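Each structure below is given as structure tokens.
Look at the two complexes coming up: subunit A is in both, with subunit B in one and subunit C in the other.
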Partner chain A sequence: MIGQSIPKLDAQALVTGKPVYTDDLAAYHHALIVKILRSPHAHARIRSIDKSHAEKIPGVACILTHEDVPHCRYTNSGESYPEPCPHDRFLLEPVVRYVGDEVAIVAAESEKAAARALELIRVDYEILPAVLDFTNAENNPVLVHAPNEGVFMPDDVGLDCAHNVVSRHKVQKGDLSSALSSSDRVVTGEFFTPPQSHCMMETHRSFCFPDEFGRLTFWTSTQSPFHTRRQTAAALGLPYNRIRVMKPRVGGAFGGKNITVCEPYVGIVTLKTGRPAKMVLTRKETFTATASRHEMRFRITLGASADGTLKAVQVDCLNNTGAYGEDGPAVTMVSAGNMLPMHNRTDAIEFTGTTVYTNLLPGGAMRGYGAAQSTFAIECMMDELADACGIDPIAFRLKNCAKEGDTGGILTTPIRSSSLLRCIARGREMIGWNEKYPVQQLSETRLRAVGMAAATHGSGVQNIGQAAVSIRLEEDGTYLMRSGATDLGTGSDTILTQIAAQVLNCPVSRINTRTADTDGPYDTGAFASCTTYVTGNAVIKAAESFKNRLFTWAGKRMACPPDTLVLLEDRVAMQNDPSRFMELSGIGMATMIGDNAMLEATETYLCTDAPNPFAAGFAEIDLDLETGKIDLHQFVLVVDCGKVINPALARIQAEGGVVQSIGYALYEQPVRDQKGRLITDSFMQYKIPTRLDVRNIRVAFEESSEPTGPFGAKSLGELVIHTPAPAIANALFHATGIKLHELPMTPEKVYRALCARGLNKYPRRVAQEGMH
Partner chain B sequence: MLSILLNINGRDYPLQVESNWTLLYVIRELLRFTGSKYGCGTGDCGACKVLIDGEAKNSCTLLARNMEGKKIVTIEGVSQGGQLHPVQQAFIDAGAIQCGFCTPGMVITSIALLSKSPDPTEDEILEALGNNLCRCSGYKKIVEAIHLAALQMQEKEVVS
Partner chain C sequence: MFSFQDYAAPATVEEALALLDKSRKNRILGGTAWLRMSNLKLHTGIDLKNLGLNSIYEQDGALQIGACCTLRQAETDPLLCGYCGGLVADGIFNIVGVQFRAVAQVGASVFARYGFSDLLPSLLACGASVRLAKAGMMPLEDFLNRPFFRDILLEILLPAQNGIGRSACLRNSAGDFALLNGAVYLDHADCRIAVGARPQCAALARNAGEFVLQNRGSLPVDVLAERAVLLASEELKFGSNMRGSEDYRREMCNVLMRRMLRPLLGKEEGH
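Right, the complex of A and B next:
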């Protein structure tokens, strides 16, 4: 089972278009259509709302403003309690803090009635000055959240509303100033990374109906049903047992659905009307009113001795969390925590991070979660430092990178497995580094160059990520496995079933896997690259525990010690005499009926280690000196995610991560106007990679065996997004000496940098036209 | 409300529609062919593609009332008698499915392409997929699936 590319268990349903997503299920009910009236201003106080005209529209069921809803503080972040997230939201309130903030809720019998009612609501705003530049937030006289208004953070990591500061974070190892002063080479740089839109194909959506006991029951497109239940309960002031959250198939998430952006709004409509209600965000709303990757600034100083030994790493991070705190503080922490382990061998590390409020779209969880940003910055600086030392960038990394057996320093857990050195060696060969480094002249106006980067991440959230799995023998001898794991399309339901099938020694078809229902076992949810590692370990624990119970039961009936039994596909047999056995169907029937002994085991696994996976990425770019355009000629990614449980699923996830990062690196650029409105609010304005943009991507795996992982596995999902941006930037650096420290690396920016260095070639066509 | 007759998946459906209802709205909300997805509403992502007289079209930017007299095939009409279309089977076999939300549109586009060009070149595939976005997969396996489907459909033809 382990290591086999079995197809996704839901593939047949997905490829035939079966109704398995949230809005498909809602289509079978007569649900009220819920829409939100959103703020056109970045910062304003609502003087009054007149809904009298809107309420007269036929088919309008209710219109709710801040005067009509519970006034309970909550955060919409999908993090575990006690979360380092400010509870700075109300469902609705008389202040709006960014263009897109919620003003009123409309529920109607039809799209048309709901849309017409939105148009007729009259809001009188007092427009307030806004904080639109995050580098200028901390001492800004404008405050996004006033102090003394009850904003609180269960795990307070430095909330200071009087200065628009959400958190401050520091990581330290050794004596930085002496390490820097004893360094022979010191480089510094300032980096800016932009927000990035998740652009999952399924926009955010949620469907709620009252069950037969009047509970709010959700089918909803979420990454973490349990956190969604907790935050929705907080927003509505309900006990948890009045809410049930189930996740059907999800059409992609990438972190974007680890926030509760729809559920409280449809929930309040069902509460008020007693009717099923659904909300499907438009693509524009998904761009402008959910969350994006956090915009960040890094200031980095690195020191090394002349022989290329890294001695000092200093990073200062400024993180724009936008109008609401949400994941901001954790993203700042993780920009350190999932990047610095790579550099733990150095004498001294100092990381300082500040998270600030602005009147902009909130930052939220997004694949890479701070480490995508910090890895871009630090890996560019590593290349510049290698250059300053006169050392090949690969040799520099081989010398300084983290290695198996490393412990202490800033590491919260030892590095028990790493094949990073093999990843680098294999990638070097695959890309043809030795023949191509640093640059080739293809023509008078085109250069081809290579660059690389190395990265790490975590596997789950240490001492917080937790999964429970329950396995039961059915009357016919098949299995039911229940867990809270949340398959977002990655195939985790398939992978967890494979892991169970391995322990239960049966084909996957024997196991009925049910996941992501708050009426079932608990799981923190699908974020922080946790499911294979954390829930996978819980599956093993539950399956082993189940086997023990099964063998104890069967041993009594077969009059033999439990440890002499083995589990086969359909029977329990004696190890040394297979002719003595009991069929699972018989055991299932006997234990379910009349035996007081239903065979079921539930086990919980707490993620205590969160081991680091590793990857090395290699970019080969073509640079057009006439236009500044970078074409990615090829990209090679070699990954150490421990043991690969399902190679086909691992490969497609890795390829997808690379492509998402190519967009981030080269052209995904949110643009705001002067009033803080996001202009790039459709796929026409905000370009994500199409098949035409990405051609030659190759992914390879260099397995290691992680002793704490399920069959040796570590995480994969976020790791794969880290290396493309810095590898492309480093290729540009090798080609031209340009240190482009700002993403995306658009032709405009590259062309300006070429001009500054006198490397640009005038477009021939323009030159010729000029002669006429 | 207008009275119209739409031919979908080989069946005629008499319908009452508003003049501004899109084909996507009608097939999803009225007829519950929910395999076609709303991803953008602006014809940019391709998740809502259906076959109209054999061509892959975005149903979110077509008005239902203009579709009379045309043969419309949704993803639900692609497989016949419980048998997957070779393109669907190839998407499974090539492991070209992640979240699956873009998959129906991808399958529709692929079927339209292969009916015109049974042995498409790499460039033809890239061109055909230019209006189908996928954020999960990196597209590589989707292209592999189309090649695989082309191969299997040709073999089938040789055998028959």
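Right, the complex of A and C next:
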């Protein structure tokens, strides 16, 4: 069962277009259509709103402004409580803080009426100066959130509204200044990483109806039903038992759906009207009014001895969280926490991070969560340091990287498993490093070069991520497994079923897996690469606990000690005499009727370790010296995610992560106008990779065995996005000496750098010679 | 998303014109791939499907492309693929993807005069003409130079000729608009060089073309190409947008032109 490529259990339903997504489920409910009027200004105070014309449109059910809704502080982040997130939102308020911020809610019988009403609402704005440059946010006279307005952070990590600062973070090991002064080689660099849009296929959407007890019941496209319930309850001022959140199939999320951007708005409409209501964001809204990857700046200094031993790592990080704090502080922390473990062997580490507010689209969770940004910066610097030491970048990493058994320093738990050294060796082989490094001249105008990067991440959130799983024997001897885990299209429902089937020794078809319903068992949700590791562990615990109860029950009936029994597909049998058995169907019937012994077990698993997975990525690029265009010829990713539970699902996760990073590396670039409006608000202007761009992606796994993981597994989902951007940048560096520290590496930027080094081919010489 | 209240599929060009002239809120519908990106609220959408404008045919070596042909149809048409070394078909290949090209139409692509168009440089280089319902026949270049006017594009005409051409483009990513594109046509009597996505609409570099014609044979290919390239980037205007700056475009114009011209001139020399 474990290690088999079982097809996704919902694959047929998805590819044959069955109605299993949020909007499909709303179809039969005659739901009101909810739309949001959004701010055209980056920062403004609303003087007045005139909704009288809009309310006259036939079919308009209600129009709500800040005067009509509860004023309860909340955060829309899908983090566990107590969140390190500022509660800086109201459902609606008379101040707008970025272009896209919510101004009014319209609910109408039809799409058309709602759209028309939006056009007729008149808003009088007093336009305020705005903070549009995050490097200039701290100490800016313009404040995004006034200090005396009740913004608070349940887990306060440095909120300081008077300076536009949301959090400060520091990580330290050893004595940095002496480590630097005793280094023979020191390199420094400044890096900028842009925001990135998630571009999930299904935009954000939510559907809400009152159940027979008047409870708000949601079908919603979210990553964390329980956090969605908590934040929605906070925004609406309701007790949790008045809200139920269920997640149907989700058409992709990538972190983008770990925020409650729809639920409180449809919820308030259902509260006010008593009617089912749904909201489906347009693609433009998804680009401009949800969240994007945090924009960051890193200043890095590294030191090494002449023999290439890494001695000092200093990183300063500035993180732009936009108009609302959401995941900002956690992203700053994770940019340290899921990157630094790789370099823990060094004498000294100092990481300082600051999260700032601006009047821009909020940053939010996105695959990689800060570590994608910091890994790009640090891995580029590592190659520059290796170069300064005159050492091959692979040799440099083999020498300095984290290894199995490492402990202490900035590590919160020992590294109990790592096959990183094997990953690097395998990738080196697959890409043909020895023949290709550093560069080949393909023609007068084309170079081919290789570069690599190594990365780590975490598996779940240490001491916070928690999952409960419940397993029950049904009357016919099949199983019901319930969990709060949230399958986003990743296939996690399949993985969890596979894990249960392994313990219960049966095919997956025997298990009915129900997930993601707040009326069922608790789960943190699908973020921080946690589902296989955290919920997977809870599945094992629950299945083992269930088996114990089953054996105890059967042992009594069969007059034998429980530990002499084994569980087979459809029966419990004696280990050394299989002819003595009880069928599960019989047991199911018997325990359901009057035996005071229904066989069900619920167990909880708390993520105490969050072990580091590892990966090595290798890029082979073609560089056009005349245009500066980089074509990615092939990318090789070798992953240590511990035990691979389902190779097919693991491979597509890895390929998807690589593709997302290729876009990040080469051309995904949100562009804003001077007033802070995002103009790359469609797939026509914001370009993600197409099949023609990605060419050849090759993925391999080097398994390790994580002692704390379910059957040895660690995480995978975020790790896989880390290496492509730095590996591509490093290939460019090896080919040309160019240190491009600002993503994306567009042809024009590369061309300028080539010109600066005199490497662009074809100066005007030939033509001029001809003229003499 | 755009919307319209009425839909009409007139049987004659005259009826279509009459409908178009009736209201500024009436519009011709091509494949509507572009229209759907807008929020236009229209009265009548006019579908040209009954006007027999969806084929490509040959008359005495000249080709006529109906306005309602899809980009995909043009790209895979044997006549067009054989015309001037496949110059027109080659340019189309770069537009978005096959599904998209199976919808978007040639007539709309030309009439709308998109700056980024991958079709216009090759059509200009071929010396194409357009036939409009009201304004009649005119060279494509004249059409592009006239201020925008309401009309219906019926056909694109490519003259009988047997030279060869090449097109080239530069994109930040494969699915994006070109940040620069161009096409060159060459035969014994003509050399037409067109550059588009500057980001302004495609235009002919006449001086460069003249220079090639006058100096071919007397200058070595390398030198001839380089000097023509310089002339072209001097006579054409360039601008900046988020895909590239003016300077970069000018310099890339040199690169793309060189890449198109040298093989063409080289081939000629080899004859």
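The working rule: the second predicted complex is superposed on the first by the 761 of 772 C-alpha atoms of A that agree within 3 Å, B and C clash if a C-alpha of one lies under 4 Å from a C-alpha of the other, contacts with A are read in each partner's own complex, and residues count from 1 in each chain.
Methods note: a contact is a pair of C-beta atoms (placed from the backbone, for glycine too) under 8 Å apart; a residue touches a chain by one contact, two chains touch by 3 or more.
Note that the coordinates shown come from a computational prediction; the quantities given were computed from them, not determined experimentally.
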item	value
Touching partner for A:Glu626 - first (subunit B), second (subunit C), both, neither	second
Which superposed partner A:Asp10 touches (first subunit B, second subunit C, both, neither)	first
Which of subunit B and subunit C A:Leu421 touches, first, second, both or neither	neither
First, second, both or neither for A:Leu666, with subunit B first and subunit C second	second
Partner chain(s) touched by A:Ser682 [first = subunit B, second = subunit C, both, neither]	both
Touched partner set for A:Thr746, first subunit B, second subunit C, both or neither	second
Subunit B versus subunit C as contact partner of A:Met592, first or second or both or neither	neither
Residues of subunit A touched, compared between subunit B and subunit C (which is higher)	B
On subunit A, positions contacted by subunit B and by subunit C	682, 684, 688-690, 692
Contact footprint of subunit B on subunit A as seen in their complex	5, 7-8, 10-19, 21, 23-24, 27-28, 111-112, 198-203, 249-252, 254, 280, 282-283, 488-491, 648-649, 651-660, 682-684, 688-692, 694, 697
Contact set on subunit C toward subunit A in their complex	37, 97, 170, 172-176, 179, 219-220, 222-224, 226-227, 229-230, 242, 244-245, 248, 251-252, 254-255, 258
Residue numbers on subunit A that touch subunit C, as the complex places them	626-627, 629, 663, 666-667, 669, 671, 679-680, 682, 684-685, 687-690, 692-693, 746-748, 751-752, 762, 764, 766-767, 769-771
Complex interface listing, subunit B residues touching subunit A	18, 25, 28-29, 32-42, 44-45, 47, 74-76, 78-79, 84, 88, 91-93, 95-104, 107, 125-127, 129-130, 132-143
